[in-house]
Structure formats: structure tokens, C-alpha cells
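Two complexes are shown next, each including chain A; its partner changes from chain B in the first to chain C in the second.
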Partner chain A sequence: MANLKISALHKSFGPVKVLEGVDLDIASGEFLVLLGPSGCGKSTLLRIIAGLEDESAGDILLDGVSIANLPPAKRGIAMVFQTYALYPHLTVRGNMALVLKQAGYSKAEIAKRVAESARALELEDLLHRKPSELSGGQRQRVAIGRAIVRDPKVFLFDEPLSNLDAALRGQVRLEIARLHLRLTATMVYVTHDQVEAMTLADRIVVLNGGEIQQIGTPRQLYEKPQNQFVAGFIGSPAMNFLPLENIEGKTGVWPGGARQKLPESAPETHGPTILGVRPGGCDLRPANAGKLEKTALAGEVMLEEYLGDASFVHVRLDEGANVIVRQQTSNRQVPGTKVHVVLDPAALHLFDATSGQRLGA
Partner chain B sequence: MMPETSNVRKRPFRWHILVFLGPAAFVYTVIMILPLAETLRLSFFQVDSVTRVVTFVGLENYNQLFFNVYWVGPFTKALWNNFLFFVIHMLVQNPIGVLIAALLSMFHLPGKKLYRTAIFMPTLLSFVIVGFVWKLMLSPLWGVSKGMLSSVGLGSWFMPFLGREESALITLALISVWQFVGIPMMLIYAALLSIPEEVIEAAECDGVTGLAQFFKIKLILILPTIGIISILTFVGNFNAFDLVYTTQGPLAGPNFSTDLLGTLLYRTFYGQQTQPGDPNMGATIATMMFFIILVGVAIYLFFIQRRLTRYEM
Partner chain C sequence: MAVSRARRNRVAELGAHVILLTFTVIALFPVILIVINSFKSKRAIFRDPVALPNAETFDLVGYTTVFTQGNFPLYFWNSLSVTVASLFFVLLFGAMAAFALSEYKFPFNRLTGLYLALGIMIPIRLGTIGILKLMVATGLVNTPWALILVYTAQGLPLSIFILSEFMAVVSKDLKAAGRIDGLSEYAIFFQLVLPLVRPALATVGVFTMIPIWNDLWFPLILAPSEATKTLTLGAQVFVGQFTNNWNAILAAMTLAIIPVIFLYVLFSRQLIRGLTAGAVK
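Let's turn to the complex of A and B:
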């Protein structure tokens, strides 16, 4: 149990700036997920916390004490790697015991701790096996076991599920969630998969281009994305973005001159604006419902993705943009049909067209 | 169940297998199998020195080699020297190769590529050049080694290293080590690089650092490569000939103290001042060399390699 504070962390590799001033305050026992696209510096941040990489500037405090100058093993932090990184020549028991042996624990203490961790992760029957004799999911459990034997203050996970197949991923994800409940340890978890992030996190940190885009609970991120990047990154399929000429009297003006009703929170007036709407916030109307012309967006059905409980209809608007609309499966759409897309005012998000920042509450 | 008909129907003869295997089989037969068979055959015959009549003598040549004092002395001496030559390589060349590779893979050393190339370079040189250069350097008359030792206060250590019976073989072995240390270095270096970065980082997190990391993790993971290097060293050393020939001549002086199986074979086969050429006895020695290497490799393959697990990484 420990709180981890990262302040003004910068990292560059030569001329390449990877992290540009990251500030994070991670509460004791919190499950924090770092979410961002590939190459945005998530691993780098995690490796700096672990001590595997030196920071260019900034500090890392664990319970108020700087650990930035300590070697990795002295930080009280355990890391679980994406590729498991088990010692190929040691058995499961050896893999878990090595860290304790190196730290000088007594034989009895080592045996006790390994047995405890093995029980918690259901590895007892595998203790004598080598990593090559384990399945992917079992290897990842051993990697987690190797982290928990040392009873660290903070756990770091770097995309621990990305080498597993879909079925196992769900299972190990549950195990990690259970582990967090049981250990109530501080955990920092890196992923580029939003489903993992949404299901596991107490709070999510969205990173892009080495900068924090938004910090918040999964619900806050989904319902009130602070900028266009977060809005587009969270949610699947992604949010639709459509440009508005401007906002006049809390009403949006489409490039063609048609009007769009906006949510209550919209600003009175604003210049060029990006309107964001999730597939669930749109609906389709037949093109011949004439009186819709003024407010809706005319287009043509390109294709329908049937998912069983719903389908996603891809519509090409006459202006050129593509919109994905979520529909009841009973409402079948034939490609080529002319349709109108209508937007639910309450489901709209507004962003400034140049800065990408959220407008209104 | 296989349907009956597929067994009955005749497969067309698969010519392409012969066509593809043919060239390799032909070349291998001509340059490997035939000479080997011919050597073996030669070792069962003897030529009368006066009448030039060739007679089949069975194992008589081997009997001579093992039990006739004229042959058994030089043969066991060469065998022993060869064994020493091999031991020196195993104790000096391979550990140094491992050490250099470990250092190269550990540090972000400036000029790393330069060191790597410089250490590997002698391997590319001809034995003639290496032998000649070292002979010049070690020469008591005009060599630089005396001056170099004196300049660091070790002048009294100087002796004609290649000219004394006690030191000549060791000196030659060390020259050979100098020439070939690049090979174990390169192989070990590649093996070390193939250890996944994350495994090493996991070790760092677990507090297994420095020497402990090398001995508890890296060394164990590269043991299969060290095994391969050992057997390559063994085969190379028991076939060695060139370095002795170029530095000490075919008589493997001083007083045969640097005689290896290779030089003994050469002298026996072609003859030297001290003895007439005897292709049949030469073939006998060559066959023995072949069997020694065969046995060594077999021991390695059946007893050692099986215990060296190649870990999936």
C-alpha cells in the first residue's frame, strides 16, 4: 500500500521527445490504467517508474520519498512484462524464488512465500515445470506470481494480455481484477486496448504524443471527453466527427446552411466547431420523409455490419463524410438506399475546430 | 482408412529427387568420400622400397604405429602435444572469447564495433602471415618483443619463446588463440544478443545484477553455444598443421617439441631429411586422426550435447 507521485517527468531519446512533462498522483490501492495508441510513450513511462530507464528530468516519489535514483530492485516495485520474460532455464518455482534468494530470505521463508503465491494463482501443480512446458496464460500467471512473491508496494503491468488469445485475455483480465481486490495494492497498468482499460481501471490516464490528454474514471472519459483525441480514442466503433460552420444561438450551422439542435450545455455562439456523436446517438430515417431535409444529413447506406444484438450501418453523406449509425437489427438496411441521419441533441459533443478542446460542460 | 486403390495405383518415379540431390551428392563424394576411402585403403598396403611391389598387409601398418618403437614414440608425442594444444585453447581462447563478448554486450562502449572488428580481424589472416609476423616479433635477434618487455620492466622475462623446447608449443598455442579468439567471441556475442532484453530487465527488477546476472542467467542460456564452440575447437585443433609448419617448419622444432599429428602426418607422407616418404604409413596416421576426431565428436554428440538444453526464449 503506497501512493505514487510522478512530477514533471520528461524523457527524450536524443532529439526525440517521448514524454513531455507528465504529472500523476496515484492513490494508495488505486488501479490506474495508462491508455494510449502505440508509440505514445506508455512503456517508457512505466519503465522509468520501474527504474529500467533513466528520466531526463522530473521526480518519482513513493510515499513521499524520491525513488528516482534507486536501482530497480530497491524501489519496492514489481513489473510484469508483455512477453512474460520468464527465466527459461528455471522452473516455475525457481522463477518465483530467484528474487527472494537474491534478496537473502531464508529457505523457509522463500518456500512459504512461493507456496502462498502459487496457491493464489493456482500454480501449485506447475511448480516443477519449465516455462517452455506452459501455455501462454500459465506463463503470464507465473510472471504475475513472480511479481507478488516479493510483496511490492506497486505493481506495474506492461500490456500483460497482448500476447494472449482472445479467450485467455478475458480470463487473465478477470484474474488481475481479482488480484487487485485481494491485494488492494497500487497498480499501474499499461494498455492500448480500451476494453481492458474500461473494465479494470479505477482511473484511466489517456496519453498521446507524450502528454496526458485526460485523467478520469472510465465513465468520465466516455461521457465527457475533454478533447477530440479522447473522444475518438474511447468507444468502439469510434465517435463520428462532423464539422459545423459555427454555432449561433445555441444552434449548429451545417456547411450547407441547415440547422442542428445542440445540447443545453452548448455555448451561445462559437466559430468553427467539430460535432462529435457516437454511433448510438444517431438514427436513420427514410429519405422520402421530406420535412427532415432542413435538419438532417442526407446520404446513402454503404454497408451494414451485423453483430447480433445490434448492427452498425455505415452511411456516406452527400457532403463526403462517413457516419456510423447503430441500429436495431430488425431495422435492416440495404446498401445503396438513400437515407437521412438524424442526431440526438443530448448525445452530441462539441469541440473547438482548431484546438480540439471540449466546448461547454 | 486408406482406400485400396491408392496402394495399387503405381506412383510415377520421382526423378526430380535424383536431379536435385545429384550435384551435391556428386561433389560430396568426389571431395570427401572418395579421398577418405582411398586413405583408408592405402593404410592397408605397403610398398617394398626396393622392388616397388605393392602388397596387402592388413592391419600391419597400425601394428607398426602402435608397437614399433620407431613409430610409437613420435606418434604418442604428437598426440600428447595435440592434446595440450587443445587444452590451452579450451582454457585460454574460449574463456577470453566469452569475457570479451560479455563486455561487448554489456556496455554502451564507444567504438564497440571497432573493437569487435579488430579482435575478429586476425581470423581472416592467412596462417602464413600470422606465423611469419609472430616469428619476427618474437625473434631474439630483431623482434620487438624484447624491447617491449624491457620497456615495462619485464626484460628479464624475455626468452626465445619459439626456440626453447619448454615454451615453443605453449607459445604456438597462444599465437593460435590470438588468431582465433574472434570466433568464440562472435558466436557468444550473437548468443548473448539473442537473450531477450525483457528477461534481462526482469532480472534487474529481481535484483539479479552484475556478475550474479551473468552466472545465474546469461551463462546458462549460452551453454549450448559454448558446447558448439568446444567441439569446433576440438576438430580444428586436431587438424592443426599450418601454424606449426609455417613457424617451425615440417620438423616441428625445436627437437620435435611442437610436433602435432598434422605435422607428423606430413613428414611421414612426403618424407623429410630424416626419413623417406611413406604414403602408406601417412595414410595410417591420417586414418587415426580421423578416428580420434570421430570419437571426440561422437562423445560430444551423445553425452554432452544431450545435457545442454537449448532453451526456448
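Let's turn to the complex of A and C:
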């Protein structure tokens, strides 16, 4: 258990700036997820915390003490990799024991710790096997076992589920969640998968282009995204974005002149605005339902994705934009039908068209 | 449809085998000629070079000459020790340099790599006079070290070039895991990286071994003494200005093939084992 503080961290590879001033305060025992698209610098940040990569500027403090100049093995951290990175020449037991041997533990202590970790991860029957004789899920469990034997202060996970198939992914994800409950250790977990992030995290850090976009609980990120990037990245299918000409008297003006009622928190007036709405915040009306031209968006059904408990209807608006609308499955939509899309004012998010920052509360 | 495709495949397979077999025969023919003629009497060699030895023509005179005249077991040992030692240093230092070049970032990293690879294009024999002067000055002439040093230098460029390509694709995560677990850089190199590039080591080994084993030039110039003579140099006693002792030459050549085949088998087994071991993923 330890708190981890990262301050003003910069990293560049030659002329390429990968991290531009990252500040993070990770509480003791917290499960923090770094979420962002591929190539945004998540792994680089994790590798810097681990000491595998040198920072260009900034500091890393563990329990208030700088660890920035310590070698990886002396930092009290353990890391689990996407590619498992098991030692191919050692058995499962050997893989888990290696770090303890390097740290100079006694034979008895090593045997005891390996047995404990193996029991916790149900690896007891596999201890004599080589990594090449294990399935993907088993390999990742061994990699996790190798991380817990040393009882580290901080666990680092770099996309540990990305090489697993969907069924195993759920299983190992549960394993990690249980591990966190049991160990109450500080964990930093990197992923590009928002479902993993939402289900595991106490707090999520959304990264893009080497900068932190927003830090918050999964609920905060979903309900109050601070900018258009976060709004578009969290949630599946993604939020719909539609441009408003401007806001006048807390009412949105569509490019065609039609009006849109906005939430209470909307600003009195504003210039060009992006309106964001999740598929669940939209509804469909038949095109002939009368008087809708003034308040709704006319369009045509392109296709319907049936998911069992709901379906997502893709609508092409007459102005050209596409909108995804969540519908009850009983409400079947035939491609080619003319419809109107109505938006629930309470479900709307507003962003400044140029800066992408959230407007209103 | 499926049947015809299978048949077409079989035809293609047959064609491939015919081509490969033809190549094998062409490549092996001189070797086989050497081996069968080494067991024949001199007259039989010239009367019918392609005939197998029979009761009448069978003669071990070549082998008895080789083992009685000169000091062939010693020459043999000299060749073998020089080749194995050079091979060891080429693989060790080549792999170490390749690891450093592919793993660590330092100024002029790429330039250093290029400089080291330059030797592939420049034959080391161009520097013979300089090398000879150097060996004389250091007193290494007529010692096996003269040859081992030169052959190591000769083998390193290709070795570094090939191995650094392979080192670059060894899982970054594996090395990272080793560092986090407290392994030294040497342990990471010897225990994690080297076993994974074993196929490349075997390839480099084969490419390095043959020219060293066959070399006549440097043994003649740097180590011609009786005590340091290699097999190729030793066999030259049978090559006269006017007459050649063909029996002895063929017998010596046949004997010279054996260690090369042995080393080759050793390497190719490593090669296959390296290819089949599952490391990551």
C-alpha cells in the first residue's frame, strides 16, 4: 500500500513529444486506469513509472520519496504485460520464484510465497509446466502470479487482456478485480478498452496526445465529460455530435433554423456549439407525426443493428450527419423509412465548437 | 474441383522435388567423387574415376600415407581448435555487440552499427601485410592466436549485422520483465535473449565456420610452423610442383569433411529447436 505521485512528467523521443506535463496523484490502494487511444503514450507513462524508460523531465514519488533515480528492481513495483513476457526457459514455478531469488529470499520463504500465490490464482497444477505448454489465459494468470509473489507496493498492468479472446478476457478481468479487493494494493492499469476501464477503475485518467483530458470516476466521465474527446471516447456506441449554429436564450438553433430545447444548465447565449447526445438520449418519431419540423431532425433510416435487448438504428439526417438512436426491439425500423429524431433535453451535452470544452455544468 | 487442386499440388510437389534432387546431385557429386576415390588405388582413380571401389581396386594407401607422413592428427586438432575458438568468439562478441546496438540508445548508435558492418564488403585479406606486421610485432606469429584473432575479426561484421536484426525483434516486454525482476543486463543477455536468437546464432555459425575451416591463406602466412599447421595447409605437402599424391590428397579431404558435417548437424539441431520453442504469445 502506497500512494504514487507523478508531477510535471515530460517525455520526448528525439523531436517527438509523447508526454507533455502529466500530473497524477494516486491514492494508496486505488485502482487507477489510464485510458486512451493507441499511441497516446499510456505505455510510455507506465514504463517511466517502472523505470524502464527515463523521463525527460518531472518526478515520481512513492510515499513521498522520489523513485525517479532507482533501477526498476528497486522501486517496489511489479508489472504485467500484454504479451505476458514469461521466461520461456523456466517453469511456472521458476517464473514466479525468479524475482524472489534475485532479491535474496531464503529457499523456504520462496517456496512458501510461490505456493501462496499459486493457490490464490489456481495455478497449483501448472507449477511444473513451461510457458509454451500453457494457454493464453493461463499464461496471463502466471504473469499476475509472478507480480504478486513479491508483494509490491504498486502493480502496473499494460493492457493485460488485449491478447486474450473475449471469453477469457472477462474471466481474467474478474480475476484482477478480485485481486484488487483481496490485496488492496495500489494498481495502475493501462488500456484502450473503455469497458475494461469502466468496470475495473476507481478512477479513470483519459489520455490523448500525451495530455490528460480528464480524471474522474467512471460515472463522472460518463455523465459529465469535460470535453468532446472524452465524450466521444467513453460510451459505446459513441456519442452523436451535431453542430448548433448558436445558443440563444438557452435554446439551440440548428443550421436550418429549427429550435432545440436545451438542459437547464445550458448557457444563456453562446456562439457555434457542438451538441452531444448518446444513442439512449434520442428517440424516433414517424415522419408524419405533425409539427415536428420545428423541433426535431428529419432523416431516413439507414440500418438497424439488433442486439437482443435493444437495437441501434442508424439514421442519416437530411443535413448529412449520421445519428445512432437506441430503440426498444419491439419498435422495428425498416431501412428507407422517413423518420424524425427527437432529443431529450436532459440528456444533452454542450461543447464549444472551437475549443471542444464542455459548456455549462 | 478439390481433387484437381490436390492433383495439381502433387504435380507441383513432384516438380519441386525433381529440381531439389537435381541440385543435391550436382552439389554432392564432387564430394562423393572425393570420398569414393579416396578408397581406391592410384591407378584405379585414373582408369575409372566414377567407379565404386571393388575388391581389386580397394586401397587404403591414401589414409596410411596421411597418418604416417607428416603430423596429421596434430593438423587436424589445430584446424578444429582454431575453428571452434574463432566461432566461439565470433558468436559471443557478435551477439554482445548486436545486443548493445539494438538495445541501448547512445550517440552514433546507427553509425557504429554501419561501421561494424562495413567489414562485410571489404575482404580482410586486403590487410594481410598490416596484419602480418602486427602479428610479428606482438610475437603472435606461429601461434594459434594469430589465426583465431584474424578469423574473429573476419567473422564479426556479418555476425553483428545478422544478429542485431534478430535482437531487435526479441520481445521488449521480456527484457523489461527481467529488469523489473532484478536480472542484470548480462543475465538478460545470456538467459533471455541468447536462447531466443538461437536460430540466428546457428545460421551465423554455419556461415562463419566454413571459410575458416577451408582457409589456406592465413595459415600459410601467419602460422606455417609444423606445430601450428592446419589441415588445409598440411595437405599441401601432397601437392607437388610436378606430381600430386592424389591418394593422400583425397584421403585428407575426406577426413576434413567429417568435423564440418559434425558441426553442421550440431547447429542445424539448434536451428530447429530454436524455431519450435514458443517464447511469448
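Heads up, the rule we're going with is that the second predicted complex is superposed on the first by the 361 of 361 C-alpha atoms of A that agree within 3 Å, B and C clash if a C-alpha of one lies under 4 Å from a C-alpha of the other, contacts with A are read in each partner's own complex, and residues count from 1 in each chain.
As a convention for this text, a contact is a pair of C-beta atoms (placed from the backbone, for glycine too) under 8 Å apart; a residue touches a chain by one contact, two chains touch by 3 or more.
Values in this document were obtained by computation on a predicted structure and should not be read as measured data.
On the superposed chain A, the two partners chain B and chain C do not both fit; they clash. Looking at the shared chain after the overlay, A:A321 reaches neither chain B nor chain C. Of the two partner chains, both chain B and chain C are touched by A:V99. In the superposition on chain A, contact of A:L183 is made with neither chain B nor chain C. Using the contact criterion defined above for the overlaid structures, shared-chain residue A:N163 touches chain C, although it does not reach chain B. Chain A residues in contact with chain B (one complex) as well as with chain C (other complex) are 47, 50-52, 71-73, 77-79, 81-83, 85-89, 98-99, 102-103, 131-132, 146. Interface residues of chain A, counted against chain B in their complex, comprise 47, 50-52, 71-74, 77-79, 81-83, 85-89, 98-99, 102-103, 130-132, 146, 150.
Every residue of chain B that touches chain A in the complex is listed here, in rising order: 196, 198-199, 201-209, 212, 216-217, 220-221, 309, 311-313. On the side of chain C, the complex with chain A involves touching residues 171, 173-174, 176-183, 191-192, 195-196, 277-281. Every residue of chain A that touches chain C in the complex is listed here, in rising order: 47, 50-52, 71-73, 77-79, 81-89, 98-99, 102-103, 131-132, 136, 146, 158, 163.
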